[in-house]
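One chain, chain A, links the two complexes that follow: it is found with chain B in the first and with chain C in the second.
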Partner chain A sequence: MPEEATTSGEEDVLRAPLVLEYPFKRTTGPVIGAFLTALREGRFIGIEDDQGKVLCPPVEYDPASGASLTKLVPVGSEGEVLFWSWNQSVRDGQPLDHPFAWAMVKLDGADTPMMHAVDAPHDAMVTGLRVRAKFAEERIGSMDDLLCFEPVS
Partner chain B sequence: MTDTASSEPAPIEIPEGVWSQPEVDMSAIEEIASVESVRSVRAFASLTYDYTPGLATTRFLRAIKEKRLVGERCSETGKVYIPPRGVSPVSGMPTTEQVDLGLDGTVVSFCVVNLDFTGNAQEIPYVSALILVDGSDIPIYGLVREIPYNEVQPGLRLKSVWVEDSEMTTSFENIKWWAPNGEPDVPASELADYV
Partner chain C sequence: MRDVAIIATAQTKHVRSATTVNEVELIQPVIQEVIERSGLGRHDFDFTCSGSSDYLAGQPFSFVMTLDAVGAWPPISESHVEMDGAWALYEAWVKIQTGHADTALVYSYGKSSPGDLPRVLSRMTDPYYEAPLWPTSVDIAALQARAAIQAGVTSEQAMADIAYRSRTSAAANPFAQLTTSAQPLALMDEEYLADPLRRHDCAPITDGGVAIVLAAGDKARSLCSRPAWIRGIDHRADGHHLNFRDLTTSPSVRIAAEKAGVANGPVEIAELHTCFTHHEPILRSALGLGDDVEVNPSGGPLAANPMMAAGLIRMVEVANRIHSGEVSRGVAHATGGHALQHNLIAVLEGEG
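Our next item is the complex of A and B:
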């Protein structure tokens, strides 16, 4: 608001777009902060759990034992699609403006997958597809620094 | 957005045993450890509505595009409400009579805003007031300008200041702010029912 209101149908009642926005600011903590710092640098990190497995994206606590995790380790920018789902009807705010795949991508060096968009034609999508991260040119330390994954050609 | 260390608030001491996160070991990722860390993010939660104000407020907004303020009267109490919602909040009955109001009003109560906040476009300090439009029985919010903030008081008479005719739309933002109209103050006793 205030955009010029329009009328719609019955009895000439006005109608207008109204955007309500909450400008939240969140602290990241040291683990997520390190992950976002790495994204800003155009790379990935994970965290080692109690068993020596690498979780990426990193979490603060071991999912099995609840123990605090602190050992951050590098993870590759390429990986493998474990499974995926096609998104034909793209909505505002999604990573891409054309149909794409939501995929669980296990990055090289990680033992757990992360969900993100894969920018590939439907007929190119297959379990086991090798993909590479595509980063934004201007990065600020936010999840949006990672635009999507693309097939490794 | 990355914050610089200088804009961070002083560290908060967390009592032993209360949730906190331990220091992380960054020895394996030195290239990350050597750059400034991300400490916070802006996370906008945005809700997009398709807003329709209903019949009564549509009538009000169409009038405001013509630089008129209209209210609607409760048939039981005779009170005039602005902006009209089509129903009396007291009797619950539909308001059926449309009433042309004046373009002047009276300060009922006010607040001097001294704190800046996100999204605020006004220079502080500024005065936000509840203004009783002439002919109405419930005050509306408005900005009071063209008078020092410390001279605003209940009873102050105001005129509405509008955008240029070419900019008029079906929006309450047609009224830019309110300014003194030069008339003598209204005695506080006459405002008692509206505070």
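Our next item is the complex of A and C:
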């Protein structure tokens, strides 16, 4: 994209940058806030649903029944790749600045997966791969505190 | 329920980038064309409803300017959805059901070409857990494709076959953007775009628009020799957290298909809003379509995918074939959100 409005010579078309912004602040509440606070401490929590299944990351309401959920439980920092795809064209804002795998990672002790980045070579990616969370050194209580997952060697 | 039919349609020639026209200029000729085809006058519409996206237009309330393409004086009864035009049609259908209108003009349009569309679409994800990672529409589709392949719902070869069939079918569609394809075996030799997706598995980025006219009962019969009657229409959404969904199936499509009565008669054709090749087997299964049902004879979104219009175009493609007498019963599907999250199903029929 051009940095400022210009006209291209050939078609004499006015071009201007399209800046994508969503400049709102959100409160995170008692469940998402608790998850992000745990991330700041370098650990994961989930929440038990109606059936006793552990959802991680946790949500305030049961996705199926809509019932209010409150029982937060600890979840492990290692888990398993359920399925994955390869991201060759990394874009601004994504977790890593070099090609990586997107994966659905089911953490130990959780019954649902979370989508995140796995920092591993393309040919190392396989369903069932064991991975471990890599946290940022300085953590502030946001999703950015979790940098990515890495294969357990 | 009142009988409501699609009595006229029009669409743009879909292109990769309509650089030299703005949204109003893009859709105005299509609106003019559909009004002329309907036999109604410009002031004869009881209701007008449109679908478009401020995220694509790059400014809030962008649809208000597009009303210049309709003409809103004297004042008209008008509404808008920040969704595909298929949902604008749904709102108009509801308006007619309530008895507040007998005729409606519905249109939708999108210029997807400015900006980085896959990245723009990352803003549709959950704002707490997913949006901070900026996963693109292609990233999420690739995850879904892998899940579907692992579950045996499809294969990379079957996906290449769908790409080939869709784009060669589009050769007969004068509005399509992509109308040729290499043979499936050659497609399989291409590099991955986002393993397991190759470029041919993804719908193109497209600028374009579409318009239809709805009319009720005898009004429809007096204006159209073979109206495309909406016999059933329903829309359902799956949860917005990708984490909690089984991405290999579509519960919302299954429920909508049941409510719309897809199985109440033979399905001759289905026009499905497949933005990626692996969407077709997932939708076929959820709709309960047999292998004999022809899917996307127009080429579908894999041949032209104007955002905000591609779902309503599915209805147009079925309706056109009913108007011409080519088929008597077909299914149209529209989707919104990532990985087939929100789905609308309509059953269209001709009489006699």
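Just so it is clear, the second predicted complex is superposed on the first by the 130 of 153 C-alpha atoms of A that agree within 3 Å, B and C clash if a C-alpha of one lies under 4 Å from a C-alpha of the other, contacts with A are read in each partner's own complex, and residues count from 1 in each chain.
Assume a contact is a pair of C-beta atoms (placed from the backbone, for glycine too) under 8 Å apart; a residue touches a chain by one contact, two chains touch by 3 or more.
If you're wondering where the values come from, they're calculated on a predicted model, not measured in any experiment.
Enquirer: One more residue to check, A:Val152. First (chain B), second (chain C), both or neither?
Expert: In the superposed model, A:Val152 contacts neither chain B nor chain C.
Enquirer: Thinking of the overlay built on chain A, is A:Trp86 touched by chain B (first), by chain C (second), by both, or by neither?
Expert: second
Enquirer: Applying the document's definition of touch, where does A:Val126 land relative to chain B and chain C: first, second, both, or neither?
Expert: After superposition on chain A, A:Val126 lies in contact with neither partner.
Enquirer: Is A:Leu55 in contact with chain B, with chain C, with both, or with neither (first, second, both, neither)?
Expert: After superposition on chain A, A:Leu55 lies in contact with chain C alone.
Enquirer: Just checking: does A:Lys71 make contact with chain B only, chain C only, both, or neither of them? Give me first, second, both or neither.
Expert: first
Enquirer: According to the stated criteria, A:Ser142 is in contact with first (chain B), second (chain C), both, or neither; which is it?
Expert: both
Enquirer: Could you look at A:Thr112 and tell me whether it touches chain B, chain C, both or neither (first, second, both, neither)?
Expert: Once the two structures are laid over each other on A, A:Thr112 reaches chain C alone.
Enquirer: So, does A:Met104 touch the first partner chain B, the second partner chain C, both, or neither?
Expert: The answer is second: A:Met104 touches chain C but not chain B.
Enquirer: Does the superposition put A:Thr28 against chain B (first), chain C (second), both, or neither?
Expert: After superposition on chain A, A:Thr28 lies in contact with both partners, chain B and chain C.
Enquirer: After overlaying the two complexes on chain A, where does the chain B footprint on chain A coincide with the chain C footprint?
Expert: In the superposed arrangement, which is not itself an observed complex, chain A uses residues 1, 11, 13, 18, 20, 22, 26, 28, 92, 142-143 for both chain B and chain C.
Enquirer: Going by the contact rule at the top, pick out the chain A residues touching chain C in the complex.
Expert: It comes out as residues 1, 11, 13, 18, 20, 22, 26, 28, 32, 55, 57, 59, 63, 82-89, 91-95, 102-104, 112-117, 122, 127, 142-144.
Enquirer: Which chain B residues qualify as touching chain A in the complex?
Expert: These residues of chain B touch chain A: 1-2, 21-26, 28-29, 31-32, 35-55, 57-58, 61-62, 118-119, 169-173.
Enquirer: Residues of chain C touching chain A in their complex?
Expert: Within the complex, chain C touches chain A at residues 19-20, 55, 58, 114-116, 118-120, 123, 127-130, 132-136, 139-140, 142-143, 145-147, 150, 192-197, 239, 241-244.
Enquirer: Which residues of chain A touch chain B once you look at their complex with the stated criterion?
Expert: It comes out as residues 1-2, 4-5, 8, 11-31, 33-34, 36-38, 40-41, 43, 45, 47, 60, 68, 70-74, 92, 140-143.
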